[in-house]
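After this come two complexes, each holding chain A, first together with chain B and then together with chain C.
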Partner chain A sequence: MEILHTFGLETELFLFQIINFLIIAGILAKFLYKPLKNMLEERKRKIAQSLVDADNAKEILENAGQEKKKILSKAKKDADELAAVIKVQIANEKQKAEEQAKERAQQIINDANVRAEVELENVSRQAGKMSVDLSEKILSKVFDQFFTPQDKQQILSRALDALAKGNYEKGSN
Partner chain B sequence: MSIAPDILFEVAGFPVTNTVIATLITDLILILIVIFVNKTIALKPQGLQNIVEAGVDYFHGLVSEIAEKKTNFIFPWVMSFFLFIVISNLVAQFPGFESIRFSESPFLRAATSDLNTTLALATVSIIASNALAIKHIGIKEYLKKFISFKMFPIFMFVGILEFANELTKFISFSFRLLGNIYAGERTLGEMYNLLPIGLPLPFMALELMVAIIQALVFAMLTMAFMHILSDKSAH
Partner chain C sequence: MKKAQIKELAQSIVSYDGITDETLNWILSKLNRSQLKIFLAFLTTAVKNKNVNIFYAGEISQGDKDKVFSLFSPEKKFVFIKDDESVVAGVRIEYGDFVLDYSVAQIVKRILSSIRESI
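Moving on, here comes the complex of A and B:
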């Protein structure tokens, strides 16, 4: 007991320290560890939830990526099909246009031929008319040069007679 | 300076010693931490909450690794012992401790340099450990550890040794802490007397380490004893 007194051990102080520590431990347990533990658990829960959300988001993103690929692939396929259809249509249109052009060209050629024939006929007719006029002019010039007005009158009279008698051809010969 | 704390004055017959004042300062700091953390607690920790959270999380992880299902009972004790002892020890490193005088006695002295404090802490730790053991393994199994007629007289002798072991825990717990802190205070005091400028610095650094290590040792031993005593396979 003497040694305990040397160390200053006193019942009141010893009990005070026990009670003091129990009170402090109680306060710490209730007002420090509990809220902090709750906070840590809440944070862990939120982190876990965030990880789950992140995984979900990743999965959604992956699905969206796959969906995108699928859509792009489908769009490409559709585009290829459309392109093939358009190619066929263009070929058909081209063929049709070529046929139409050929037909039109043939028609133009035919029209040109018809017009050429008409023109030729007209030209021939005009040429005939011009040759008659020319012959007439030449004749009148020849007449004027080689025949006297009495001869002309005589020839005219004989021609009129021949006409009157109806043997123009005989007389003209 | 004697190893016994100095009685400064009495309040209604209760002797208020310099270690009691230091104990009350420790209490005040702990309560201020509690108030501050409760006021500023947030999902995104800042400042002091970071430090306290890190400590609480570290000790909780440590206890749950060893004690598993008993964590909820053991953790508050372990953490409280650590916080109380570490703050008591660290507060004693502040200027003013030992140097401020009150009726020729130091007004402040480390709470853990008083046997009343260390023995009280040891008593609480040992009683809590044994209470946990009784709660977990039952009173019958608990008593078998001390009183057993199996293979008479071998286990009876083992029981006596176990009882002696429990008693020595009071001494080992209290005197280890008391010895380390009191010796540190004495050493620092002597260094100040020898050469007040410069010389105490390395010893102060050493004392800071001792302050944390001793708190950790007390808390870890409490955890170990609580776990071992309440473990059925150990009986």
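Moving on, here comes the complex of A and C:
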């Protein structure tokens, strides 16, 4: 005991210090240690969850990437098929349009030929009528000179004789 | 005034043949617009029916004129017109709505007309 006293250790003080320590330890254990432990466990749990989520997200991302590739390749395939169909349709339409244009051109030529023939016939007919009209006009100018005054006198008398006998056709104005 | 009365008036004026301008103007002033139209139509017809136009070529003798007079009643008014170009030779008589054509020009016209129709 004296040795302990020589080293400065007092029994009562040490005892109270121990009790003090225990009290403080108890208080810390209750109010610090447990919450801290809970907090650490919570944090650990969250970290683990995050890691699991990250793994899931990675997996989802990979799946999405593959899905994207699948969709793109399908779209490309569909686009190629559609382009091929359109090409064929365009070629068919082009051919049809060419044939129709040829037919139409031929029809126009035929119509023009028919019209030209009709026109030629009309012109010939008109030329004939014009030549008759011209002849009539020329005759009316020169006919007078074909008859002498004596001829006219004789024809006039004969005409009146024929009228008197009733030898005429009655015309109207 | 009725249509028949207007017709009689027009015929009377034409047959009288001695009506003055003053009298005619007085008559015309008594007619309204529609009556005047009818009157003029009847007057034109009456004048056409009264007159006999004789178109001839060359010279016409009195004997030939007498032949013409004998074809119609004496009330008609005869007008002799020398028209060598349209008659050429022969005679054409127009009275009312009728034409008696005994001319060379008519014969030639008929021939040319038939040619024209056959083209």
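FYI, the second predicted complex is superposed on the first by the 124 of 173 C-alpha atoms of A that agree within 3 Å, B and C clash if a C-alpha of one lies under 4 Å from a C-alpha of the other, contacts with A are read in each partner's own complex, and residues count from 1 in each chain.
FYI, a residue touches a chain if its C-beta (ideal position, glycine included) is under 8 Å from a C-beta of that chain, and two chains touch if they have at least 3 such contacts.
Predicted model only: the values in this text are computed from it and were never measured.
By the document's definition of touching, neither partner reaches A:106: not chain B, not chain C. Touch criterion not met for A:122: it reaches neither chain B nor chain C.
Shared-chain residue A:144: touches chain C; no touch with chain B.
Within the superposed three-chain model, A:152 lies in touch with chain C and out of touch with chain B [touch as defined at top]. Of the two partner chains placed around the shared chain by superposition, neither chain B nor chain C is touched by A:66. When the two structures are aligned on the shared chain, A:89 is found in touch with neither chain B nor chain C. Overlap of the chain B and chain C interfaces on chain A: none, as no residue is touched by both. Residue ranges of chain C in contact with chain A, taken from their complex: 56-61, 63-64, 67-68, 70-71, 84-86, 88-91, 93-94, 97-105, 108-109, 112, 115-116, 119. By the touch criterion given at the top, residues 125, 128-129, 132-133, 135-136, 139-141, 143-144, 146-147, 149, 151-153, 155-157, 159-164, 168, 170-173 of chain A touch chain C in their complex.
Across the complex, chain A is touched by residues 2-5, 14-15, 17, 19-20, 23, 27, 30-31, 33-34, 37-38, 41, 43, 52-53, 56-57, 60, 75-77, 79-80, 83-84, 114-117, 119-121, 123-124, 178 of chain B. Residues 4-10, 12-18, 20-22, 24-25, 27-29, 31-33, 35-37, 39-40, 42-43, 46 of chain A touch chain B in their complex.
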